[in-house]
Amino acid sequence: MPVERVKTGIPGMDEILHGGIPKRNVVLISGGPGTGKTIFGQQYLWNGLQMGEPGILVALEEHPVQIRINMQQFGWDVRPYEREGMFAIIDAFTGGIGEAAKRERYVVRDPTDVGLLIDVLKEAIRDIGAQRVVIDSVSTLYLTRPSVARSVVMMLKRVLSGLGTTSLLISQVSVTERGFGGPGVEHAADGIIRLDLDEIEGELKRSLIVWKMRGTSHSMRRHPFVITDKGIIVYHNKVLRVTRRGVFEEELREEGE
Amino acid sequence: MPVERVKTGIPGMDEILHGGIPKRNVVLISGGPGTGKTIFGQQYLWNGLQMGEPGILVALEEHPVQIRINMQQFGWDVRPYEREGMFAIIDAFTGGIGEAAKRERYVVRDPTDVGLLIDVLKEAIRDIGAQRVVIDSVSTLYLTRPSVARSVVMMLKRVLSGLGTTSLLISQVSVTERGFGGPGVEHAADGIIRLDLDEIEGELKRSLIVWKMRGTSHSMRRHPFVITDKGIIVYHNKVLRVTRRGVFEEELREEGE
Amino acid sequence: MPVERVKTGIPGMDEILHGGIPKRNVVLISGGPGTGKTIFGQQYLWNGLQMGEPGILVALEEHPVQIRINMQQFGWDVRPYEREGMFAIIDAFTGGIGEAAKRERYVVRDPTDVGLLIDVLKEAIRDIGAQRVVIDSVSTLYLTRPSVARSVVMMLKRVLSGLGTTSLLISQVSVTERGFGGPGVEHAADGIIRLDLDEIEGELKRSLIVWKMRGTSHSMRRHPFVITDKGIIVYHNKVLRVTRRGVFEEELREEGE
Amino acid sequence: MPVERVKTGIPGMDEILHGGIPKRNVVLISGGPGTGKTIFGQQYLWNGLQMGEPGILVALEEHPVQIRINMQQFGWDVRPYEREGMFAIIDAFTGGIGEAAKRERYVVRDPTDVGLLIDVLKEAIRDIGAQRVVIDSVSTLYLTRPSVARSVVMMLKRVLSGLGTTSLLISQVSVTERGFGGPGVEHAADGIIRLDLDEIEGELKRSLIVWKMRGTSHSMRRHPFVITDKGIIVYHNKVLRVTRRGVFEEELREEGE
Amino acid sequence: MPVERVKTGIPGMDEILHGGIPKRNVVLISGGPGTGKTIFGQQYLWNGLQMGEPGILVALEEHPVQIRINMQQFGWDVRPYEREGMFAIIDAFTGGIGEAAKRERYVVRDPTDVGLLIDVLKEAIRDIGAQRVVIDSVSTLYLTRPSVARSVVMMLKRVLSGLGTTSLLISQVSVTERGFGGPGVEHAADGIIRLDLDEIEGELKRSLIVWKMRGTSHSMRRHPFVITDKGIIVYHNKVLRVTRRGVFEEELREEGE
Amino acid sequence: MPVERVKTGIPGMDEILHGGIPKRNVVLISGGPGTGKTIFGQQYLWNGLQMGEPGILVALEEHPVQIRINMQQFGWDVRPYEREGMFAIIDAFTGGIGEAAKRERYVVRDPTDVGLLIDVLKEAIRDIGAQRVVIDSVSTLYLTRPSVARSVVMMLKRVLSGLGTTSLLISQVSVTERGFGGPGVEHAADGIIRLDLDEIEGELKRSLIVWKMRGTSHSMRRHPFVITDKGIIVYHNKVLRVTRRGVFEEELREEGE
């Protein structure tokens, strides 16, 4: 029985995942500042809408109004989908304070209360029949309390997977950190996609690597990607190799593993 | 008097162990996220069942229902063995909460209570006459209390070895950590098998090395392995060499030590 | 709809930013001691005044009187603009103590009270219709309380962006630190410009790199710059490359990304 | 007056020590997991028995019953010597709990009480006229209280040296640690023998080096060793050299220092 | 309007500073043990006296009597200048205890009380009309309280700069530390001169580099220096280059920046 | 006026110090375990006795009885000098407990009380007219209280220098530590002599370097040394060079600095 998959729709990404993310997986999108994690998450949700799959964005870092503006800059206008009940932003940013916040449908009054967040999340998933969820960022939930990181991720995983969604948890790591967000978090996730931005001989290079993905094989290579005004494009047939002699971007002839 | 051994049944692994794990040993399976520790443990238990050796999986990271699904993806359907009383999952994940949990036979109501866990474990070992036990993961038991790590492992070791089982303790280490799970833990174990996932020139490579194994000699080399849809295959006649000139996967002609 | 931009006016910098800083962005200017962060911020404000854009400097590190003297050494005499109500220094340095402080219009009586600072900032922005704000340095606000860093930056971001300004937050990092001011801070900012001063083979070299900038593409290269008696000049058509064979300053023929 | 020495009897080791360990020295046997520290200590005691020198093993890590089994696997059956009163295991592991423990002669009821341990140790040394003592491991005594490490070692040193024994203190260090067990411990010991297990180009290599030994000169080289089914064999006429060009095991023609 | 400068008078140093230290600057003299920081400060004061500029040495590390002896070894006899009221040592070392201390004019009774120190300092600056101040060392004031480092330096800066002096703060860093004395300190100073003592291929080499200096351009190179029986001599026309191929001391033909 | 010097009498060492240690200096003898610090101190005291200079050894690490035995192994029998009142051991080890301790003349009842230690030290210095003092080790006095390290060293320095002695403070650093015993300590000392024991390509090499010495110039090179059965011999006309191509022991033709 082949595994059921959810297409990311991000050019090149589903090839790397050998078809998409296995359904119900909770995947960490891990990276430093400026690596494109937020765009990755928004593009995943937008592409879901185009395929008729309702989605939810849990906003912990940015005002919902600003998120809609940012997405529009890539041509992703979510407002019609919000009106149709196919998309929702959960406002866990404003705490319900401010004029704009009053117009939001899903508001977490106290963003530091993870139990409350989960209640609103459950309600929203059921309301719109969400198949995709993105939490941006999950790190915010335990930034000042690293010891609860694992239990927060475990709680979210139970709800997200239990209600049948396939979800991305944006994990912020420091620019100097080689991990994915701490031992508790990185072992709890079903998958880890690492986004990197590295300065190589005076130039910033973007690349990503799928570190783990439960339920499927996947490319074991580091692939370069770019951010365009249409969103992310991943070069699934190229590999970024850092060797002792230099850095090479190579065309792949056949994708082995 | 030759040492009594337990076959892992994982292709290539028993050759590396010069015949298998010495009976009653408590072995740390140590590795970062995505290295295949969980699959290693499940394959060890499944192979035991095929040889008529009853086994127990202590589930601390995943819902028992999900574990059965995951194992089935490799063709390992444990349910018939559960019905025959040859296999059991100890649910130390749900705390007995939820519909599915109510159907589990062995439940640890409070997973943070190691004494309680050990009581349930003893009962299960005796009930089914377990010869193999896997705890996935032991790290969960002391993640937020590193100072008790050694005493937890010592307590488990006394029970597991005392009741005659040969057991694996899955030890989660961070992707950036070179150790095996802390000084207290790594000295207390009878054996250490380290699973690694390394990015080498833009490509992820899997390998393992037996760092220690009380009661037997063993390969002193780093061996590559792969994860297929049938589980892990270890290349006992290959070695992964990281040298100053590059990384080489070499055929071994004769296994020396 | 093209993004609205604010020109830095610093020679070479707007080319690197592909036209300027997107309006309402809150940008971290991050660097070690002696890298030129303060000059960068003052030059940004002065250039705004020349283009008719009112600005505010929040002084947390230096006496307002000294700041005016320092700016004058680069030929930037802000006093006429202060009289016209186009420029203001918010004194969050003296606490209102001393003769000179009594002549300041905007004074934060208790610089450790971030709420108070924000109140004065809001008032000043409205009074002069500020379009540019520089906070020198934001690090001072959480130097001894790193756990509040993210929430301080989030609070400032809401006010600065909400009131329509395009602002720079000077972030002090230690000379040995590779990050930009901590995980909470670097993910919260809309943009990060890193200023560096490196000793390379016995000589100090200045360079900067735009690490992230929401709402625009930008140069992905490390560019050398100098500090002259007219302020900063960035070489947007040069790149500083640190390779295995040495350090090279190279002319760029065409700017690719 | 030549220094009085105690032969380790470990093949190759006494050559490295230029005749043996100076009498009354308290020597740290320091190494990571799997390096062979425990076997080194047991072999030292067994060889003493063969030369008519009574010995004591203080068991802090393993059940006395298991220790006897482990030693027997190398052909070292200590039970006849225990009956003759030439050898004793001090059980500081079980706390006197369990059937088997009841048959032990020397039991430390509370292994966390160092004063109690020392009382039992003194009694045992006098009873059997011990000339050799091994404490396996001394690290256990201060694992969770590093600040008392030095005072514990000082107390032991006074008793062990004062009663005329020549003793080994097994010191567990983490696999990633380059020290010998902390500053307080490593300066207090009369000698330090470091056992290493290093992965070199995909292969585990064993070696040891005598870092210090009060009262005698000794080899200043790193020597390879193996663990066979007869115990440790040290290659005193070989040296393991890790150079910039590779790793070499070289035959020594003449041992210089 | 050209910046007013204070000559250090140290051979080679004013050339490196393109004329001297800008007046009123507070400069960190930062370095490890044995790098010559104290001599640098004393030579700066002595040279001031020769040019008719009164100076003050705040003694936190050494007895005033010993300081006078040490200075005399370089031929710098300050006693005549003390009698003329052109030079003063503030004794913040003895606490006023001891016979010799009773003969000191400026004594800080409680050297841990920074407020008290500042009161005595103000009085002394006014008494002798000091134009130069050296605090040896400022690190002593916050060695056990790193969190107050920035506020101590800020307080001193206000007084020293406010009263018109040009001053050096000796900052002690550990031999293994690459910073200048902590983020709070290094950003607060107007200038940083780093003194280094490095072992290069078995030989100790002295060098210094001006890391920052507000109000002036300066050499951006690392310059070798020596300590002779006449004090420090800096080779402003030589540069110490540490490259991949070795360490070179090179003659500079023309000083570029 | 040439500086008054104290000869160490250690072969090769006074050449390195350009004549000896300047009188009244307090010198840190810093090194890891097994580097020879204790022997260096004892040899310094013994040589003093041969030149008619009375000396004191403050014993904090070893029983006075054992120290006399250890010194005798190098041919240094201090007992006649003790009887003549030219030499004394201050017992700060036993706390006055034990038979042997009762025969000691100078005993510090509570070795954790630094004030008490200093009282006994003062008395002993006056009794025997000590010109040399060695404290072995000073680290013991602040091992568990690093924050008092500087003040302890300052107190000792006042007494030792004030009473006219030239003294060595043995400073224990961990084998992995590159510093000299912490910032407070290393800046407070008048001189620092670092003793090293390094494994270089499988062989232990001894070397020392004078890092600082107030009041005199000194060799700026790293010199090899050996420990023989007559004590330390330093090769002042050899230098140990660790370069990119290997490690070389080179003959010096002329000692430059």
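Chains here go by letter, A, B, C, D, E and F, matching the order in which they are written, and residues are numbered from 1 within each.
To be clear about the criterion, a contact is a pair of C-beta atoms (placed from the backbone, for glycine too) under 8 Å apart; a residue touches a chain by one contact, two chains touch by 3 or more.
In this text, all values refer to a predicted model and were calculated from it rather than measured experimentally.
A.B. asks: What are the chains that subunit A and subunit C both touch?
C.D. replies: Both-contact set = empty.
A.B. asks: Superimpose the Cα trace of subunit E on the Cα trace of subunit F, which carries the same sequence, then give the rotation angle to the nearest 5°.
C.D. replies: 60
A.B. asks: What is the chain whose Cα centre is as far as it gets from that of subunit C?
C.D. replies: So the farthest one, by centre of C-alpha atoms, is D.
A.B. asks: Indicate the whole-number Å distance between the mean C-alpha point of subunit B and the mean C-alpha point of subunit D.
C.D. replies: The computed centroid separation for subunit B versus subunit D comes out at 31 Å.
A.B. asks: Return the distance between the CA-based centres of subunit A and subunit E, expressed in whole Å.
C.D. replies: The computed centroid separation for subunit A versus subunit E comes out at 53 Å.
A.B. asks: Quick check: what residues of subunit C touch more than one other chain, meaning two or more?
C.D. replies: none
A.B. asks: Classify the inter-chain contact topology: is it line, ring, star, complete, or other?
C.D. replies: Topology of touching chains reads as a ring, each chain with two neighbours.
A.B. asks: Could you spell out the chains in ring order, with the walk beginning at subunit D and its first step landing on subunit F?
C.D. replies: D, F, E, C, A, B
A.B. asks: Taking the touch rule as given, give the residues of subunit F at its contact with subunit D in the complex, in rising order.
C.D. replies: 32-34, 61, 63, 66, 70, 73, 137, 139, 143-144, 172-177, 197, 199, 201-205, 227, 229, 246
A.B. asks: Where on subunit D is subunit F touching in the complex?
C.D. replies: That would be residues 3, 147, 150, 158, 161, 178-180, 182-184, 186-189, 192, 209, 211-212, 214-215, 217, 220-222, 239-244 of subunit D.
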